[in-house]
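Multiple structures follow.
Two complexes are shown next, each including chain A; its partner changes from chain B in the first to chain C in the second.
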Partner chain A sequence: MRRAFAPNWPARIGLFVLAAYAVWATSQLGITGERLATGLGEGGRFLARMWPPDFSRWELLLEGLVESMQIAVISTVLGIILSLPLGLMAARNLSPAWLSAPTRGFIAVCRSLHYVIVAILFVKAIGFGALAGVAALTVASLGFVAKLFAEAIEEISMKQVEAVRASGAGPAAVLLYGVLPQVASRFIGFSLYQLDSNLRNSTLVGIVGAGGIGGTLFAAFKRFDYDFVAAILLAIIALIFVAEIVAGRIRAALQ
Partner chain B sequence: MTQPILEIRGLVKEYQPGKPVLHGIDLAIGAQGITAIIGPSGTGKSTLLRCVNRLVEPTKGSIMMGGQDLARLRGGALRAARRRIGMVFQEYNLVERLSVMENVLTGRLGYVPLWRAWLRRYPRADLDRAFALLDAVGLPEHATRRADALSGGQRQRVGIARALMQSPALLLADEPTSSLDPRTAVEVMELMARLTGEAGVPVIVNIHNVELAKRFAVRIIGMTGGRIVFDGPPDAIGNDHLSEIYGGEDWI
Partner chain C sequence: MSATLHREGIRHTPGQRLGRFLVTLLTVAAVVWAIRTVEIIPEFLSDAPEQMADLLVRMWPPDLGHYYPSVHAALMETLHIATLGTLLGIALAMPFALMAARNICRSVLLNTLAQLVLVSSRSVNSLVWALIFVAVFGPGPAAGVFAIAFRSIGFVGKLMAEALEEAHPGPVEALTATGASWPLRMLKGVWPQVQPSFWGVALFRWDINLRESAVLGLVGAGGIGVVLDDAINFFQWERVATILLAILAVVLLAEILVTRIRARLL
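Let's look at the complex of A and B:
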């Protein structure tokens, strides 16, 4: 009989090995049915203590939220401002190799460490508070946005750039008329996305002492104020929802 | 011939060392009319044109224009030379996300300061001229439309307006009609011939269509294999020349 589809043995063996490893690893970590049952019981008690959420300390909550938002906005703006030249320098179609290669390396280093680790480093280096959070999230934004900017620039049509260059335009005018129009809408999209994720991330850096609502959240956890924890979590969720709606509106307006 | 505006001597271009695409081109272009370069694809017509405004770097030879060797210019001097050389492209090469007006004003980027270009604060004279050119190419109502909303023929009209906006001393046209349907191709050629004739700007045009070349050019250059094999008025070109330029004769 003729085979219409060739059997893919490497994929079958690979899937089998993966399944076997998952089962073995579960037993290694001591995850048993009994452990799961106690865990769920504890979870129930924990949830019960979170209800009702306690908004009586709303001033503390608001202060933390506002600081988180400020950290997010400042670090996004700084990250984008730094990403514009870095993205251009990293784009292999417009920058010479001696410039693009080290710039790409620098951007890769910014991306390689998790932003919480970067935040810890900055707290140790420049002290507790919002400045460390801004610095950490700026580095994180840079690693992400500069890379996306560079990729967007590498995808532009060089024919349009060539035509602007042929008119006798200088390098800056070529960027303004030949490059920027081709990438502007994507740049704005990336920047909005980064603002969105910085809002989320800025709620966490406080846990390691880098300012924002995260510090308040961590303190509430440590004092077992689970009803206040619930209030903080609800407030964060509301903030992210609002940010999502605003970003969506801006995107729609730009279409 | 009157005093030539462009004089090319011994122009060689090698994209890979030892494999020249242009084998020492000698060519003088007069101060008037359309010069058509015909020849098969890949014969170096486009490379020749792009060497003149240095979108391609020549390997050897000189390109004299206005007492300067274009092949040697760098930086600001090169940009100052480029702004006097308009170029029309096969695929129009408009910046698609800019408006028609912005595309036409791109022709002034070599002249206006950067802040004016950035803030779109062009001198009144430039704006008036841009509107006049849009009227002349038959797109009076399209100034604020985005370039990617135009048809091919309309885009090439904007391309011509952009090139003329540079107040060029010379216009290069690289297969300006090859992406257009036959009727639009004739209309675009007629427009280009009329406007450059009125402005007294000489044109060098690469073109595949021999009939169009004969109809609009005052002089035809036949190229094959990176060399010039015919140079003369349109009525002097015969089937034996076409056979030499394109090879074979069954198609003639």
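Let's look at the complex of A and C:
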């Protein structure tokens, strides 16, 4: 007789293997219950020292936030401008394989390296400050916007492209009147999303010295200035929250 | 009469055109403001290409002899941090997902509370979580695991709550009619419906966590970031190149693996 709820043995074995892995990996990392217990006590003290948030150095805080916003705006614009040609070059329906394959590879590398790693490299190469942050986030924007833009171009209808071509238009006119109108609205959507994500990321690149509020945050952490840390964290969360609402409004208005 | 035949199509209403003009103006103003006021040292900008070229020359060729054993061990630690962090994050996220789903938890107060937890987890970046947990647990992989887990709660919880809300009420009502208890209703009525999205979300988050756990070491939370930070601070650029290649390889492999598994699951 078949049972109403037959036991799912592969799932049970899979779950058991996962549990065994978790135990083994925990011991590999040297995480013990004792350490966690001490940590919880420390966590309580840490939270106590964070309260109340100290906003007395608000000028420093504001300066960092403004620099983060500048980094986000500039890197988004640069990333978008560079993504246009790269996306066109990477689209397999418009570019020959010898051009699209290496471009796709380049975009994949841009996307695979975490922006903080890219930021460290730029800090070492071109020095501390906002310039390194702008460069790092531009690379990150490239990886994201160019990839999605290329995918959007690959999905366009070729009928319009052929119609424009049949009228005797040159390559530039084909792009301008056959390709771009089909992808423009999606491109704006990607750009808006990237601005939002660059704003989040620009609050962090400062941890490795690439400008913005992250530097202030990391310095406060190192000085055990936890009430100032709490103020900075609250400010960052507020900034991201406002940006998310504004981006949502703009997106709704565009549609 | 020919004058009446002449019509010009105008795509947008005056209000729309004004709105578009204002958006363009605002965008241009923001860009101009940012470029004019940002503090960039001109000397740094002018010799940036030269310095970048110098860095790349120092990195080339990557010295793969550095890979074993130290980089390999750190890479394995990163893998463990990402995987354990994902498991812990999912375990912590599920109660909040159940609480946030309005068709499962009928209390508006609990819904809002759960949403608040999920939103705060998502607003704090994993590097900031890592800073916090380094302050709590001290430097080491424990801080990394918790940072990854706490960042994952918001992501997994939000997506799972959405999946739960889309679940069809029929199976649950049928089970209720048989007198099944709450855990049984969840396990046999809801879980089979949300299982595909659960695996999708879990794999997707694991992929993201793998990338993020590679940088946690920069603030002392264990993994390959620690080795990377040391190599950069000692200017061992061939070693830096090896580490970057190792990270790149693992990230690309993980992405291929996740895409394959998702294609088979869904």
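Throughout what follows, the second predicted complex is superposed on the first by the 236 of 255 C-alpha atoms of A that agree within 3 Å, B and C clash if a C-alpha of one lies under 4 Å from a C-alpha of the other, contacts with A are read in each partner's own complex, and residues count from 1 in each chain.
Please note the rule applied: a residue touches a chain if its C-beta (ideal position, glycine included) is under 8 Å from a C-beta of that chain, and two chains touch if they have at least 3 such contacts.
All values reported here derive from a predicted model rather than from experimental measurement.
Superposition of the two structures on chain A leaves chain B and chain C fitting side by side, clash-free.
In the superposition on chain A, A:Ile74 contacts chain C only, with no contact to chain B. In the overlay built on the shared chain, the residue A:Gly127 is in contact with chain C alone; chain B does not reach it. Of the two partner chains, chain C is the only one that A:Leu113 touches; chain B does not reach it. By the document's definition of touching, neither partner reaches A:Ser197: not chain B, not chain C. Contact with chain C, but none with chain B, is seen for A:Gly43 once the two complexes are overlaid on the shared chain.
Touched residues of chain A, counted separately for chain B and chain C, are more numerous for C.
The overlay of the two complexes leaves chain B and chain C separated by a minimum Cα distance of 5 Å. On the side of chain B, the complex with chain A involves touching residues 53, 55, 76, 79-87, 89, 91, 93-98, 102, 106-107, 109-111, 114, 117-118, 159, 162, 166.
Partner chain B is touched in their complex by these residues of chain A: 157, 159-160, 162-170, 172-174, 176-178, 181-182, 184-185. Residues of chain A that touch chain C in their complex: 5, 18, 21-22, 25-26, 28-31, 35-36, 39, 42-43, 46, 66-67, 69-71, 73-74, 77, 108-109, 112-114, 116-117, 120-121, 124-127, 129-131, 134-135, 200-201, 203-204, 207-208, 211, 217-218, 221, 226, 233, 236-237, 240-241, 250, 253. By the touch rule above, chain C contacts chain A in their complex via residues 19, 23, 30-31, 33-35, 37-41, 44-45, 47-48, 51-52, 54-55, 76-77, 80-81, 83-84, 87, 120, 123-125, 127-128, 131-132, 135-138, 140-142, 145, 188, 211-212, 214-215, 218-219, 222, 228, 232, 244, 247-248, 251-252, 255.
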